[in-house]
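Pasting a structure below so you can have a look.
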Amino acid sequence: MCQAAIEAGCRFFAGYPITPQNEVPEYMSSHLPEAGGIFIQAESELAAINMIFGASAAGVRCMTSSSSPGVSLKQEGISYIAAAELPCVIANMQRGGPGLGNIRASQGDYFQAVKGGGHGDYRIIVLAPSTLPEIYELTMAAFDYADHYRNPVLILGDGILGQMAEPIELKPYKPVVELPEKDYILDGCKGREPRIVKTLLLRPAEALVEFNEYLKVKYARIESELKLCEQYLTEDAELVVAAYGITARIAIDAIDAAREKGLKVGLIRPITLWPFPNEAFKEVVGRAKKFLVVEMSNGQFVDDVKLAIDCSRPVEFLGTGGGWYPTPEKIFEKIEAVYK
Amino acid sequence: MCQAAIEAGCRFFAGYPITPQNEVPEYMSSHLPEAGGIFIQAESELAAINMIFGASAAGVRCMTSSSSPGVSLKQEGISYIAAAELPCVIANMQRGGPGLGNIRASQGDYFQAVKGGGHGDYRIIVLAPSTLPEIYELTMAAFDYADHYRNPVLILGDGILGQMAEPIELKPYKPVVELPEKDYILDGCKGREPRIVKTLLLRPAEALVEFNEYLKVKYARIESELKLCEQYLTEDAELVVAAYGITARIAIDAIDAAREKGLKVGLIRPITLWPFPNEAFKEVVGRAKKFLVVEMSNGQFVDDVKLAIDCSRPVEFLGTGGGWYPTPEKIFEKIEAVYK
Amino acid sequence: MAKIKIDSEKCKGCCLCVAECPRGNIRMSEIFNNSGHSFAEIIDIENCTGCALCCQMCPDMAIQIEDEKKTGKIAIKESSQRKSSKELMKKLE
Amino acid sequence: MAKIKIDSEKCKGCCLCVAECPRGNIRMSEIFNNSGHSFAEIIDIENCTGCALCCQMCPDMAIQIEDEKKTGKIAIKESSQRKSSKELMKKLE
Amino acid sequence: MLNKHTKIIVAGFGGQGVVLAGNILARSAVMEDKHVTGMVSYGAEMRGGTANSTVIISDSKIASPFVVTPDVAIILNQPSLDRFEPLIVKNGLAVINTSLVSQSGSRDDIERVNIEASDIANSLGNKRTANIVILGAFIKKTNLLKPESVISAIEELFSSKKPALVEVNIKAFNAGLDGVK
Amino acid sequence: MLNKHTKIIVAGFGGQGVVLAGNILARSAVMEDKHVTGMVSYGAEMRGGTANSTVIISDSKIASPFVVTPDVAIILNQPSLDRFEPLIVKNGLAVINTSLVSQSGSRDDIERVNIEASDIANSLGNKRTANIVILGAFIKKTNLLKPESVISAIEELFSSKKPALVEVNIKAFNAGLDGVK
Amino acid sequence: MKFKKPESLYDRNTHYCPGCGHGIVHRIIGEVIDELGIREETIGTAPVGCAVLLYDYFNFDVIECAHGRPPAVATAMKRIHPDKIVFTYQGDGDLAAIGTAEMIHAANRGENFTTIFVNNAIYGMTGGQMAPTTLVGQRTTTTQKGRDLIKQGPPLKVCELLSSLDGVAYLERVAVSTAKDSMKAKKAIKKAFQNQIDGKGYSLVEVLSMCPTDWKLSPAQAVGFVNDEMKKVFKPGVYKDTDVK
Amino acid sequence: MKFKKPESLYDRNTHYCPGCGHGIVHRIIGEVIDELGIREETIGTAPVGCAVLLYDYFNFDVIECAHGRPPAVATAMKRIHPDKIVFTYQGDGDLAAIGTAEMIHAANRGENFTTIFVNNAIYGMTGGQMAPTTLVGQRTTTTQKGRDLIKQGPPLKVCELLSSLDGVAYLERVAVSTAKDSMKAKKAIKKAFQNQIDGKGYSLVEVLSMCPTDWKLSPAQAVGFVNDEMKKVFKPGVYKDTDVK
């Protein structure tokens, strides 16, 4: 992730240590300065996210990273960044919650990430990689989406992705979308009118309403343009497992086992959690009789699946909360149980 | 709200000023000490919510209050309190967002309140009053629910409710649910084993998973027991307007107008937003042909309405973001437009 | 004599300049400006030393001094307030 | 003579007591305890003054002194570690 | 929208006591066992600028507490007239503090009560009572509430915080009542 | 579950170098262009206690990176044997550091390779190389990876951080290879 | 003598109350920036507080920050644009309450930006609640009987607090409650900016300022409150200056 | 001489690394609480940091707090139970980084509880990142070439920082790097608790402590680091004592 970020031109990182994502600031602290960038170990997550606010307004590609409790502390800042329409990349390597919980992998922050844990009607783009090579690619793309849409992008990973090893083929950075000129940067008003970055919209009285109308349109545009989703053996699947991130990988083992037993099971794996790839789900609905949602939480992702298919098929659920992962065996059992 | 809180035995309040809810700490600062309680103006919302964490563990009924950005800052703390199963009451008098936004009334924090803006699989009870007398009653009840379920209760109001006047009939406090003995209080271990309040569950490795399983059951119990909802003219309604809080009041004017024109329109108003009163919606679905969701946001509450009725009816939407309220006229127009 | 100007529409009537003037040379108007404030007026332009203490104190940048060398007339912007409170008082008598 | 006791299963082998003993009266074992640590041993119980400096320094409360008056035997809990590293060394020769 | 309630707006500069005037109306209505809601708005400004306070008084339950098109506008200064006069319902009423409002309004489908409230207040020795003077005029004109209720409300609201001001405010109210033929 | 991959677990005390051993395996597999995933777990403890590292090596794509039932368990101490032996698949393999494991395991449906890795490491003058010794034994037994790959991986991983240790670790690896007939 | 609106300020009426000290501080900052010729190099940060709209008055780049976080934002800004002039403008709620940690750590890291700290002993914008700098005995909407030493503690003295930090270059406390004070304040603020230009590290000027509205005093009384009460507790003066040994 | 496990501690092995200072501090606290006879009146707070599990070792009521927030929690606890003994136990990350604001304000309010601040110049639990108190030149996982005075600023000195606050009753810095130091530390900690019993207000004892693991030193070397390096920068001594005029 870090390599990808630096490769993609990230030149500012601010973070505060928290397990399980300490590798990120540690890597950044030594490699970012070598690449001419700035690393700051902030005094807290609050300071970190607000440094990102400043860094983004200053015009550089920037990133922060944390894990669940730390990301909760960043919610106010994220709302501000979204409101100021500043691009940035935020990583959440989720751990078991609520509270201090534990440091195992989890997907318990889905709601926070996808619905928005901060205040107000804002949206952030949420990417959910499931392999290290994908993290590499999506991290690069995250900076592009952020700049393209002038919006925060969250990489929703988990403790496992943060601590596992897998070979990555290093690819040179190439933007995946057009990158508009940054005409909002604050760097002194020499030769131009002063610029203001702000989120308070008092006057005229309708200013904030209009801004929210604008945001609605902007978000609708993102929704229509950006939806990533992967499918596996869904062509003839009667039961479609829906899972994202690391859970999807585990599900594949279970699906392979089910296929061996002749069960027609496939997988749909959203890569963007917001925007949610509704179309892909709608497409699959035509064929599938049932869905099975598997997630490392007690049920958050499941709502979006239901909404995506307009509740038109039964949606079964297998969840594990508290930083524990479902084994392929468990998923297989569940598949067998719900498959009819 | 404050009077109700004190009447219900609230004896600890910690808050940080923010418009539009400054009346709350101001009232508390003078009246709570008179009632023998403790008022602390905290140095920040973070400090405030963590003081509540301490106060609740110390065994007193306690409360904090804020508005949108301040509530974002409390998300980590709320996750901790939910994880520690400590009772407390939190008020959010929502204002326009995202970011600093403005100080008008808004319902833009629905997701944060209902889905949970903090990390992990926790739930908080969310009450959405629409009149001052209801605030009075629900505030008292909030303390009871909090104690009964050992869970945080959020009163989701808005800037208007915070600043309007309406006669209230003062009623003496009477618990609405059974209040279990508080056997978790920390007050020194004289004559008993030491107690620990904690949210880190490391050992055995399954501890947190088991705790989350338990939480799931607890939440399911709350869901089955606690659902408040009001209906207005839904018996024969072909179009049902769904709205909560202040918006529902505005909708009533529009519905009355529609009725005068012979349109069969009714209102369903959830009072508990979590647990969501699915049953009431299901009951209405049998008769209604269509739903119209009205909310002061660009679309957050609408998802829960769809899920409550299993997407079995068209759900139209009228939203106003940015701290602006829909006028009865606008709602009426929309009713006319979608009514067929 | 300093070319001192008080912008009556900028003035919010706080009176801080009045206390600050070493010559006691500023008073508050009896009429109101558009924002409803009684505003500061120079009593005697000849008496003003141009020390700018009033300017230093004014929170609203309502007082400016154009140039200390040249003499000139004090230009108090005409308030667009319609009636002075004195006039009102009279009516009531 | 102090009735000093080192609990070898509590000891984590940090050696801090060794440096602290003014009599140089503590050494580290050549065998390991159940947690895999070489642990502290009193060299000569007679030589111990019971000054408790070692106790003050021990991060693991592994050293206790029962009573300064009475004499007694040092009770070093037997480690349940099976082989000493010396024995292992020998085998390799 | 449905004219079952009387919707009132009191508008002026911040500092002219519009909030207090609204409170007095609301309190008086409560005393008469009417249904009432009150609301305050500081416009877009935090400090200075205009402020307004809206009150709905009714014999039946009030749903929406918002006042978009007032039946009565109690106007304390010029900008408030400019802003709210166009919103008054047809055949509605404007009560105007002519001490601070010079241009007469543009509507000819509403009624008007003019009173030099600020001047009267000044003459009573407390210019801050213009809000109460104008309330008097409003009550005299509409009889929406009993003068006694308003006087009790004034007594109640001032006596707790500033008892010294009870008297002058009652005077102001009476001056307002008398100011309208 | 489906035995297309070789699932390996390396387990011992924190500090015995289980993570490093896992890394070396993973790195060697990458050099041979195999698919590989690696993962680390510190158990429930933050400090001290047991640690383990799991590696999956395969010729085809790897989905789940978790190892629940290892094909091979490389065991550096007694608690790890107690914990992981029961999980080894039928006909799987346990490579055991008998220097620190006295009770022999209870399974009779698995293969066993015993090596006194800690003693050998000690004899090489660096007791921290027991993890590498045992890797040698494992490679010798299974031929899963080429010894040269492992040696390259050792060179690569140490040369950047602690070049002084390259030599003794290669020695340790070779001693491990030789330790198994 | 000449006295004109500085170029760094727009010719606009402010939203501040009559007699509010913010206006004076704005004017001084504008003059200093003009005199140093750095308007086109300057990036200001706006706090959440009565001065949140300062970008409506200042004629240069400004970023409005979340309540209390200007030091974090300025840290990033200045590190990324080391050749620009960055300053934070913060109230006592913003800097000394919710933003305590950010302020202390930016100061201690010796970030090379300038802080103008407007201490009016109250939360102005939210309507007059107690601030960390509220005086003992001072009435506010949340201490209606006056701040109590036991319940709310003594006022927080920011210059004194920061003076022990090795990373800080310059600390001075001034006032704007008399013309003389304002001139002193200007000198201090100019030095604080000059320090930044010279790369000396973190400089903070605390300005004792009037809030007549929330103190419920007339502007003249408010000036008196600063001169007679505040200065007694918050002693004006230089608290640290690495130039002076 | 007699030396036994205090009643306030359970007879358990800790999870701390060999040579970790937390164990010594625990023992001292246990002894002090025993000696003052307040075990059954005591409510401790656990930080997030290596000492998060301290409730597994202490034999009295404990509340585990969010990272950095023990002072807020303790404030509420003590105000509600003024007759109980409340203390916070915090690391340098917990107290001097993320929890700076809470610590300063509780101290300044003069809350009548006791803080034991374990300064080991590193983030122990998360694996050795720089702490605010990391020494200049000290290598950590986020300052691999050593803390740089310019980039990361000088170490934050908590006792010096707090000494200017009027609300604070007692501040002392001690160490546990020698037996002698430990005995001094015990005296200081006892006084800090006694102050609370006597209602004197906020007392904080900063304890310089070893973290051999994350310093990547042997326990003996770690002791040397405290004695030779840390004490040079963090000078032991009494920084404030309202008893002494």
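Note that the chains take the letters A, B, C, D, E, F, G and H in the order they are written out, and that residue 1 is the start of every chain.
Convention: a residue touches a chain if its C-beta (ideal position, glycine included) is under 8 Å from a C-beta of that chain, and two chains touch if they have at least 3 such contacts.
Since this is a predicted model, take the numbers as computed values, not measurements.
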Shared chain contacts [chain B and chain C, defined touch]: E, G
Fewest touching-chain hops separating chain C from chain H: 2
Centre distance in Å when chain D and chain F are each reduced to the mean of their C-alpha atoms: 34
Chain B and chain H, separation of their C-alpha mean positions in angstrom: 39
Centre distance in Å when chain D and chain G are each reduced to the mean of their C-alpha atoms: 61
Numbers and ranges of chain A residues touching at least 2 other chains: 43-44, 46, 69, 76, 80, 99-100, 102, 198-200, 202
Multi-partner residues of chain C (each touching 2 or more other chains): 35
Residues within chain F bordering two or more other chains: 44-46, 48
Chain C residues touching chain E - in the complex, by the definition given at the top: 35-36, 82-83, 85, 88-89, 91-92
Residue ranges of chain G in contact with chain B within the complex: 48, 52, 64, 66-68, 93, 97-98, 100, 123, 125-127, 129-130, 132, 141-145, 152
Complex contact set, residues of chain B against chain E: 102-103, 160, 163-167, 246, 249-254, 256-257, 260, 325, 327-329, 332
Chain B contact footprint on chain A (complex, rising order): 46, 68-69, 71-73, 75-76, 79-80, 82-84, 94, 96-102, 104, 106, 108-109, 111-112, 115-122, 198-202, 206-213, 215-216, 297-300, 303, 306-307, 310-312, 320-324
Footprint of chain G on chain C - complex, ascending: 2, 9-10, 12-16, 19-20, 35, 37, 50-61, 63-68
